[in-house]
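Order of writing sets the chain letters: A, B, C, D, E and F. Residues in each chain are counted from 1.
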Amino acid sequence: MEKEKPKIVKKIMFVMRHAPHGTIYSYEGLETALIMAAYEQDLSMTFIGDGVFTLVKNQKTESLGTKGFVATYGVLEDYGIEKIYVDKQSMEDRGLKPDDFIIPVQVKETSEISALMEEQDATVPY
Amino acid sequence: MLHIVNKSPFTNNTLTECLRFVTQGTVILLIEDGVLAAKSGTVYSSKMTETLKKNEVYVIKADILARGVSPIIDGIKVTDYEGFVDLVEKNKVHSWV
Amino acid sequence: MKIAVQVIEGPYNNQASDSAYHFITAALARGHKIVGVFFYHNGVINVCNMAKPPQDDRNIQKRWGELGRENGIDIVACIAASKRRGICADHVIEGARVSGLGQLTDMTIEADRLVTFG
Amino acid sequence: MEKEKPKIVKKIMFVMRHAPHGTIYSYEGLETALIMAAYEQDLSMTFIGDGVFTLVKNQKTESLGTKGFVATYGVLEDYGIEKIYVDKQSMEDRGLKPDDFIIPVQVKETSEISALMEEQDATVPY
Amino acid sequence: MKIAVQVIEGPYNNQASDSAYHFITAALARGHKIVGVFFYHNGVINVCNMAKPPQDDRNIQKRWGELGRENGIDIVACIAASKRRGICADHVIEGARVSGLGQLTDMTIEADRLVTFG
Amino acid sequence: MLHIVNKSPFTNNTLTECLRFVTQGTVILLIEDGVLAAKSGTVYSSKMTETLKKNEVYVIKADILARGVSPIIDGIKVTDYEGFVDLVEKNKVHSWV
């Protein structure tokens, strides 16, 4: 899709803190990320708290009758969103490890995530 | 009595609060994000294991599958929406929304 | 057994609508009577007839209308909650209606169980 | 208001668990209670968790520009809702005591509230 | 300074709309520019023009329209989120509009700060 | 950096999670139900007192008044919406919604 490219490139981080399925935040948040990806900004996505459940493998929503949107997170990289961070403590508190996720992620310490947040021009929380 | 909880125990204190009011014979049903409490190896799982010594805990299978919750804590019973209905038939209900 | 259902969150935004729907269809399959479904708080959004979700997704609002029509279930959204949010006034899905909190009271009194989803 | 009185009298408990103002549950919940009061049922209201903040004295919403509905809880008794229970632990955890409330309440132990819940024909959670 | 605002919860149900409104009026009083207000998730309910809240209460939706018209602020609700919830299609308050997530992107890029209320 | 929190710390873990990411110089602004964390004598107040040793904490006066929160913990600063705007002007912002 051809877009008139703005000259400004900003650092924008999506901060995902909601579990998938119980509420729509991680689904509609993904929609935002995919649209924003067309604007050639410096995007990243960080999973904190229950947000880390979003990327868990083997989510099967057929028996709920809802759209299984989580696989779509797999296309983030194709859309140029390559910086995917997971908060280590959130992951460990929930009994998860990097292998449990559908895509490769960068597991970060609390202090590293704080530093990344401070670098951003804007954070978009969902 | 049947207590229904639909919130994640990692984000919200609803399940913890509910468990305080549980007595002998109370049945707990976890639905929606509430089923995240059924995952083994989390910071919440010992609380669930403790609860299972005195109370029955059920989870909705469709919610477990949707979230890829695995493995689940030993002793938690997996049911479907018809099982949910049966629990409601057998017990008075309180929804901890 | 007679069961009343209350839903207090909006469709799609929260899973409450889906859980309530699956619970009700299972209750009907088990031969129970659903005395009514009452929508309150943001739950009133469940009866708006203008939903156009993505084609590969369920249409929650339409599904409530069908459930009401096909099973003779009273599907009611609270009028005060609807007015405050400015929705659904002239756009209530066929098979549902907008009415007062007295309907929730009637359902609760008539039913053996009230189950709330939120 | 004349209502045709149903012959059934059920025990119905409102269980209020939300703080006021941040969300509408305690406000719209009160609306339900006042309507249901006209049906001559055996009603009670129990405050658990952040619900205990609902009845706190000296709530001044003028500078928020919102309706100060909390005073309306004061009419519950006039509407025949006389059983107002407060969960003791919720109250103490939040640094509150019975004097802090706008109306007289019955402070109950956890086990007493459990027993009261089990007596009900229906609980209405807001 | 240029500020963009996002609101992700519905009016009355959550205080987010009120906080955002008070924040914006204070920002205008301080001489800042509001580059836009974007409504997402249940926040889209903020722009429905059929609200009839009790007479002694504020009319949040109307207030957003006035804020947009009187201050030339772009007030936008997400179209995908609106369609899913089935609301506001032909009932958008004067002074607001329904559009895509590109608007949120534009606002975020243009602004020095994005503040989200939810 | 300014962290904005609008949820009650008694119901939701948002503030606790936010405080984990706070560093030297981070400012915390409590709004809406978040101001309940400013009440003294609660099970959460020692956590706030600890936070105040390293960080500035603000609350919105209108939110404090609406909830009758009193007394508030020593050292917490009370501000209004214009003060909120000034904090946003001085700091990058993250909203913990």
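We adopt the following convention: a residue touches a chain if its C-beta (ideal position, glycine included) is under 8 Å from a C-beta of that chain, and two chains touch if they have at least 3 such contacts.
What you are looking at is a predicted structure, and each value in this text was computed from that prediction instead of being measured.
Visitor: I need the common contact partners of chain B and chain C, sorted by label.
Guide: The shared contacts of chain B and chain C, listed by label, come to A, D.
Visitor: With a step meaning a move to a chain it touches, how many steps does the shortest path from chain B to chain E take?
Guide: Minimal hop count between chain B and chain E: 2.
Visitor: What's the chain with its C-alpha centre farthest out from chain F?
Guide: Checked the centroid distances; the maximum from chain F is C.
Visitor: Determine which of the two chain pairs, A-F or A-B, is joined by the larger number of C-beta pairs in contact.
Guide: Counting C-beta pairs in contact, A-B comes out ahead.
Visitor: Mind checking chain C against chain E and telling me if their interface is mostly the same residue numbers on each side, over half, or mostly different?
Guide: Counting which numbers both chains contribute, over half are shared, so the two copies meet through the same residues.
Visitor: In whole angstrom, what separates the CA-based centres of chain C and chain D?
Guide: 25
Visitor: Per the centroid of Cα atoms for each chain, what is the distance between chain D and chain E, given in Å?
Guide: Distance between chain centres, rounded to whole Å: 33 Å.
Visitor: Centre to centre, by mean C-alpha position, how many angstrom separate chain B and chain D?
Guide: That pair's centroid distance is 26 Å.
Visitor: Hunt down the residues of chain E that sit against at least two other chains at once, touch-wise.
Guide: If we look for residues of chain E contacting two or more partner chains, we find 8, 12-13, 15, 22, 41, 54, 57, 113-114, 116, 118.
Visitor: Pull out every residue in chain A that's touching 2 or more other chains.
Guide: In chain A, residues 17, 21-24, 49, 64, 66, 123, 125 touch at least two other chains, as defined above.
Visitor: Two or more other chains in contact with one residue: find those residues in chain F.
Guide: Only 6, 10-11, 13-14, 32-33, 62, 92-93, 95, 97 qualify.
Visitor: For this structure, enumerate the chain pairs that meet the touch criterion.
Guide: The set of touching chain pairs is A-B, A-C, A-E, A-F, B-C, B-D, B-F, C-D, C-E, D-E, D-F, E-F.
Visitor: State the interface residues of chain D toward chain C in the complex, per the touch definition above.
Guide: Those residues of chain D that touch chain C are 6, 8, 10, 12, 24-25, 28, 31-32, 35-36, 38-39, 41, 122-126.
Visitor: Would you tell me which residues of chain D are touching chain B in their complex?
Guide: 15, 17, 48-49, 89, 110-111, 113-114, 117-118, 120-121, 123, 125
Visitor: Applying the document's contact rule, which stretches of chain C touch chain D when the two form their complex?
Guide: 4, 6, 8, 40-41, 80-81, 100-102, 104-105, 108-111, 113-114, 116, 118
Visitor: In the complex formed with chain D, which residues of chain F make contact?
Guide: Those residues of chain F that touch chain D are 6-8, 10-11, 32-33, 36, 39-43, 45, 61-63, 65-68, 70.
Visitor: State the interface residues of chain F toward chain B in the complex, per the touch definition above.
Guide: For this pair, the touching residues of chain F are 10-14.
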